[in-house]
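Two complexes, one shared chain (chain A), two partners (chain B, chain C).
== the complex of A and B ==
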């Protein structure tokens, strides 16, 4: 029984880290621009198709392709922000909501037109393998995805803390007027932030492509899981997204084992409701100022 | 029937959403069936497709739209939930509804007068499936003692599960079910569920799944190094589908499923299957075969009705008696509840990347490989 718990906990943590990368893109966009990307799951699915496509052509494992997918999605996010979303920043929230829902529907529609509804599995030898460490069996694909997701999170934190542009992003997030006063080009910051957010989604999509076979209709699941994580962790908090992801991955796994597998999603929503009641800003979110 | 005017037949399927791959495969069967019926001198039928978007409640809305568009016969769906929803619309408008694929027993127990189901209800399906599982020990000489059930937690999964509970006791199957594990229909990760099933230490795994979850289960079994004596589905889709064998390759072999299927020992059925696979670039599986057969039944009824009036088509469907057809079992006839009671169940096993019939003897094309070749020995 101890082995069963050990394996379930390890699996929950691994998938939770990948969930965290999915949520990171959502939280960074909100943290800087205060807009909620309701098409985030669809962008993760774009990352899955990019990963699937690159893997089909090169046969390079998805965890090694993830930086390339992040780059593709960065460019897409940057362009989309410059072309359309920047003009919606100061509009009412319902306009932003409609805009992103439109993006979601368009992306899913295009996926259906170009790729059809059938799931596209990435059939690597690693998809069927696990690392055996004593009684512990660690899924190879999940371990690779989790390690790469951690590398992305670390790189992002380093970028935000150590680089000049990263500091500009944080300044714009902390005090928009002050950032404008000291000459930060806010719309450029927004565009790069959108690129980073979509880059995270793209990398996460490529990393999960060998775990959840690529298909258009996964998007809603990803959007929901990202929302649960960022609300539990605290909207706009990178640490919150990381720890929230691990917490959700772990709690779902343990709920499935100890209560019922059919109730594990219900358990996540229950956790979400509890956090909203007891800590409305999330476990690691800042208090309203 | 006005001269030259086609009879409009509405076909309701899940053409998008999470179950779209099954719906699209069913549509291929319907379309191929239409071509085949036309070539065989069938009546002039125009098929109009409606998408229920993988949402059971949409069945009724789509059916009502098709009826407004002039459809005088409905065919569908590929799921029990949406079939019930469509049946309500058909009943209200008094339009006959020919069911492609749906196994929930309550469909024919709710007093609907317009439905005709050419698919076994879960109780019959499971009854025949459990009988196949029970005879497996005798035919292979290997007697499993325990089983664990892993089932999807929706209308279909619970229907089959309840059927297994009842039939297992009635047939006194000498295999003890040691655990039943339900999982969410939207689950994308079944690692915990498989770990739990493995911990039960049973000889047999009996999954009740659709194709996506069946793939997830086998992948997890390989990764968790769990090779039970056998994997036998007591009447659910998944393992026989092309998506399953393509995704799993050699690891998909050995998986057994007890389902209604076309009879491969019938030359006519074999030719139709071969032609379908060539022309539609898809496997002639359960979805395609039942969709194909639904169209043949519709064409036969419309031809005999010689009318596009719903009441005339309904009367013709009621008197259906088709002896030469492709699905394993007896003639296609509907009882007073609209159920065809003559559909048999075969045991399939994936061998070399394809499902083949391994029992009963009068339909089998290969011998069962049992116990399962362990995953780490492949």
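== the complex of A and C ==
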């Protein structure tokens, strides 16, 4: 029994790390631009199709393809921000919301037109294998995905902490007017940030492609998971997104085991409501100024 | 009160009277299309009311679904008249709305967080309904078919396309005028004050918590009422159809596209959005490309929000020189 729980907890943490990468993309966009990307799950699904497509042509395992998907989504995010979203920065929230809803509709529409509604599973030998460490059995695909996600997170944090451009992103997030005053080109910062945020979603999409069968309608689920994580962790907080992701992965896994797989999301929503009542700005968010 | 926000009462009254007068002339295709238009217009009015207090609801399907289930289940299992079960559904929805608004207001959950709170409650309820046998779970809840020959619409509140056209037209017109009155009442000013700056409004003595609970209760009650009627029209209810997140999103597209500044914007938005959905669905079926409808719909919405930032209705008014150009 203890072994079962141990394995479920480990599985939950592994998938939680990938969720964290998705949430990180959402939170970095919000932190810098105060814009909520309601099409985030759609970006994840683009990453899944990139992963599926490259895998079916080359048979390279998806975790190695993830950087390519990140690059594709970075370019897409950058271009969208340049062409359209930058002019929506000062618009009211409902306006931005409809903009991203229209992106979501367009992306899902394109997915349906090109790939149809049928799920596309990735069948690999690794899907059946696991690493045994004592009583612990770690699913190979999930472990690879989690490790790769961690590598992305580490690279992103290094970039934000150490590089000049990363510092200007943080400066723009902390104090927009101050950043303008010292000569930071805010719109370029925005575009790169959007690219990074959507790149995270794309990479995570490729990583989960062997775990969930790729399908256009998964997008809403991913958007919702990312939302729950980001609100629980605190909008705009990187630490919050990371720990929130693991927390939600864990709570989903435990709820599926102890209550019923059909009710696993209920657990996450209940957690979300409790956190909002207890700390309205999330566990790691800035509290009331 | 700024005149600019309030086109006078008479044009709207004339519009509703004309809509009623032309009703019997439409064939059943147009009747069901326009019924859907008025359904979305009504839901948009309800959604927009909450927005007037700055509360973004992404869970309106919850209120709609509660109203629909309450009306259908009460009528089918206890045999009480829909004249009682629909208001009962509206009250249940209003209570649910009040609870959410109270939690949000009491624990100062604002902005995006409040919007996500509405999603959370809506999705929680949907999953619970999925697993609740009394309402049929995922298998759905079905009303017995009515006999069109012996049915009396004003007793059963169910009927043919013309009956439902008038039913939704009437509740839309009623909601429109009630909301106009509310918006010029003391509460309307309080809601707008909260929308502009909640802390400043509080400092001026606006009872923010009570105002928010009231606006959400009215909005949710309206949505429950429309949902009840919608449930009777559908005859079959599934948590994944009447409580799904996509429905909550469909509901708010019309008022935003129409222009959230005025209640009539919601109606104009519905007159645009519903035929657009219908057109793109038909086109996509004709050509045989599944997904083309979603694509067209998305592109048009994107075009409108990019080129008409305030929505369609304010732009029309500006053309007619009814409000001064901003």
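Assorted remarks:
Criterion: the second predicted complex is superposed on the first by the 288 of 289 C-alpha atoms of A that agree within 3 Å, B and C clash if a C-alpha of one lies under 4 Å from a C-alpha of the other, contacts with A are read in each partner's own complex, and residues count from 1 in each chain.
The criterion applied here is as follows: a contact is a pair of C-beta atoms (placed from the backbone, for glycine too) under 8 Å apart; a residue touches a chain by one contact, two chains touch by 3 or more.
Keep in mind that what you see is a predicted model, and the values were worked out from it rather than measured.
In the superposition on chain A, contact of A:67 is made with neither chain B nor chain C.
Applying the stated contact rule after C-alpha superposition, one finds that A:117 touches each of chain B and chain C. Once the two structures are superposed, chain B and chain C can be ranked by residues of chain A touched, with C on top. In the superposition on chain A, A:105 makes contact with chain C only, not with chain B.
Looking at the shared chain after the overlay, A:272 reaches chain C, while chain B stays out of its contact range. When the two structures are aligned on the shared chain, A:166 is found in touch with neither chain B nor chain C. Of the two partner chains placed by the overlay, only chain C lies in contact with A:93; chain B stays clear of it. Of the two partner chains, chain B and chain C are each touched by A:262. By the touch criterion defined above, A:139 reaches chain B but does not reach chain C.
In the superposition on chain A, contact is made by A:235 with chain C only, not with chain B.
When the two complexes are superposed on chain A, the residues of chain A that touch both chain B and chain C are 112, 116-117, 262-263, 265.
Contacts from chain A toward chain C in the complex involve residues 36, 84, 87, 91, 93-95, 97-99, 101-113, 116-117, 216, 220, 224, 227-228, 231, 235, 262-263, 265-266, 269-270, 272-273, 276-278, 280-282, 288. In the complex of the two chains, the chain C residues touching chain A come out as 51, 56, 103, 107-113, 116-117, 119-121, 123-124, 127-128, 130-131, 245-246, 249, 252-253, 256-257, 260, 289-299, 301-302, 305-306, 309. Residues 15-18, 20-21, 24, 54, 153, 181-184, 186-193, 195-196, 199, 212, 215, 219, 222-225, 243, 246-247, 249, 251, 375 of chain B are the ones that touch chain A when the two sit in their complex.
Within the complex formed with chain B, the residues of chain A that make contact are 1, 4, 7-8, 11-12, 15, 112, 116-119, 121, 123, 127-130, 132, 137, 139-140, 211-213, 217-218, 221, 253, 256-257, 260-265.
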